[in-house]
Amino acid sequence: MTDQPFVDIRHAAKSYGSLEVLHDISLRVNKGEIVAIIGPSGSGKSTLLRAINDLDPLTSGEVWLEDTQVNEALPYRLYEKHINKVRQDIGMVFQHFNLFPHLTVRGNITLAPKMLKGISDAEANILAEEQLDRVGLLERIDYYPSQLSGGQKQRVAIARALAMKPKVMLFDEATSALDPELVEEVNLVMKQLAEEHMTMIIVTHEMKFAESVCDRVVFMDGGYVVEEGSPDVVFRNPVHERTRNFLRKHLQG
Amino acid sequence: MDFDLILRVFPYFLQAAVVTIELSVYSTAFGLICGALGTYARLSRHKLLRAVGTAYVSVIRGTPALIQLFILYFGGPQIGIQLDAFEAGVIGLGVNIGAYMTETMRGAIVAVDKGQTEAARTLGLSRSQAMRKVVLPQAARLMIRPLGVNINAQIKGTALVAAISVVELTYTAQRYIGSTYKPFEMFLLAGALYMVIIYVVGLGITFLDGKVALR
Amino acid sequence: MGLDFAVVPEYLDRLLLGSAWTIGITLAAAALSFFGGILFAVIALYAPAVIRWPFKTFAWLFMGTPLLLQLFLIYFGLIQIGIDLPAVVAGIIGLGLHFAVYNSDIIQAGIRAVDKGQYEAGRTLGLSQAQTIRKIIVPQAVRAVVPPIGNNMIALLKDSALVSVIGVTELTLSSQLAISKTFRPFEFYLAAAACYYVINLALEAGLHRIERRIQVAR
């Protein structure tokens, strides 16, 4: 780890009309660090995550990935070129998988590498096999998404994001839409990524997972970062009343 | 754009539009009758009647309306059916749209929840009573909009009778294209009149739909 | 004058040739209407207003007027602006454009129905808007709307009879030519109807197979 932040969010603010969903948030994530963002629904945690790859643009503030400003103000055409390039370095996994139903697993994984990195079909196939092997689904390579379980879909979605060789991975409640018995297989894949020192920012409702995997936990509420620190501190000895209330509801059961 | 010409031929187009309206009204009315009979046949318990209904829908929907019109108008006299072009148009187009309306009406009836019939039968209503008192009132609501689509298609479909020389809008437009060499103007003029007719009918359907939905 | 179907076989080769033309015209116009429909749908949903509005006016005009009238416009209109196309080409263009407008309507609804997450997933991977539309949104939209578009193609087959009016020797005009020699309209129109019916059955079967094949990829 270095002192130079890898992902750097500076004074991020966002509002829809008069409704402010993010208030001046700054967050630095180091290379190889794994950060969980927790908080009640409507706290702005997903919005913040989606601002990192500019899917939900900020009203003000900056997002940096290494020495590139993700949300650089550019004329439309230049911005499009810029953002498409930057997004190749930021993998994202969605709550509802968002696999492309008209493509096989292989097609889902190879689409972007083939189109954007100009690699050959053969190379793309090897890439797909590697990434699927990583998530333990190699034998499903020629299935369509509709033929997979929810947990398998999400693992394919992770493989699809990994195939772009991203510098950082964003997880937006990756297990929230899954049946309880399918959560673990996805968590295992994420743990494995953590062991490989992938930089990850994880929005989650699963406190146990956050505690066991993450280096740092950020608690958000009402568009503010209320508290952040190591899992030990945030989960065991939270400073703020709001954090305690939230955890009381979410840790029991 | 030749506005003088448009103004000069406008009265003739207006007369032709009246013929198009008449054709639309009569053939739609005839089509609704055919559709109701077709639906009755399709849903009948008698195998033969059902087969007749199925054949009607399949044959009419499987062949061009133009050919059906030609068979009736040009071929009719050979089997003792003598009709003038307008009559042939009304009957031919009506029989044609009736097949599509059969599918619309049947679809609406089938779409009414099966539990409705079961509930009515449990109360002791006969099959036909259940149909009349419970299913049809609900199906009527469901069929107004799709029937509106059928009618909309039928108004444009009346253009076919230009091919058997009924002097309606399309025939008139074709004739004036031939004599003035202004295809674009004639198209716009006839097109505008079609759209007015379709728009007014659309308003009527929406009104009807709103009225039924209130109940 | 009674009926005499014995004259029909004599002209069978012409009816079959006419059928071949009908099939060819239908397939060509169907292809035009399919790809045109996709193009129109993308224009209607994504193009800047200066392109979108003239297009929408055109679509509105074509949906509100009879196909036969449009065929007259295209056939005579092209001649008037100095483009003297063979009637069959004008017919294919007319049929193709007419159904492209209807297909566009269906495909637009299909595109709107594609989950927003699909667009986001595409953009997240670094695909541009155009790439996302082309590779992710449109393929899904088209799969979802295959049944209604198939219905349009069946309608197109039957409406292809209209191009006989501008002088294309397809099935309908072929039977008319036979009638002008034999004065047996009932027999020949019935024979033509039978040919259409068979082609229609084949088309329906073909569409059904396509539908089944794409079912899994949805």
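Here are some notes:
By written order: A, B and C. Residues from 1 in each chain.
FYI, a contact is a pair of C-beta atoms (placed from the backbone, for glycine too) under 8 Å apart; a residue touches a chain by one contact, two chains touch by 3 or more.
All values reported here derive from a predicted model rather than from experimental measurement.
The most central chain, judged by C-alpha centres against the centre of all protein C-alpha atoms, is C. Counting C-beta pairs in contact, the chain pair with the highest total is B-C.
Computed from the mean C-alpha positions, the centre of chain A lies at a distance of 56 Å from the centre of chain B. Note: centroid distance chain A to chain C, computed from Cα atoms, is 46 Å. Between the CA-based centres of chain B and chain C the separation comes to 21 Å, rounded to the whole angstrom. Residue ranges on chain A touching chain C, taken from their complex, read 53, 55, 80, 84-88, 90-92, 94, 96, 98-104, 111-112, 115-116, 144, 146-147, 160-161, 164.
Residue ranges on chain C touching chain A, taken from their complex, read 115, 117-118, 120-129, 131, 135-136, 139-140, 143, 216-218. Residues 1-3, 61, 64-70, 72-73, 76-77, 80, 158-162, 164-165, 172, 179, 184-187, 189-190, 192-193, 196-197, 200-201 of chain C are the ones touching chain B in the complex.
On chain B, the positions that touch chain C within their shared complex are 59, 62-68, 70-71, 74-79, 156-160, 162-163, 169-170, 173-174, 177, 181-184, 187, 190-191, 194-195, 198.
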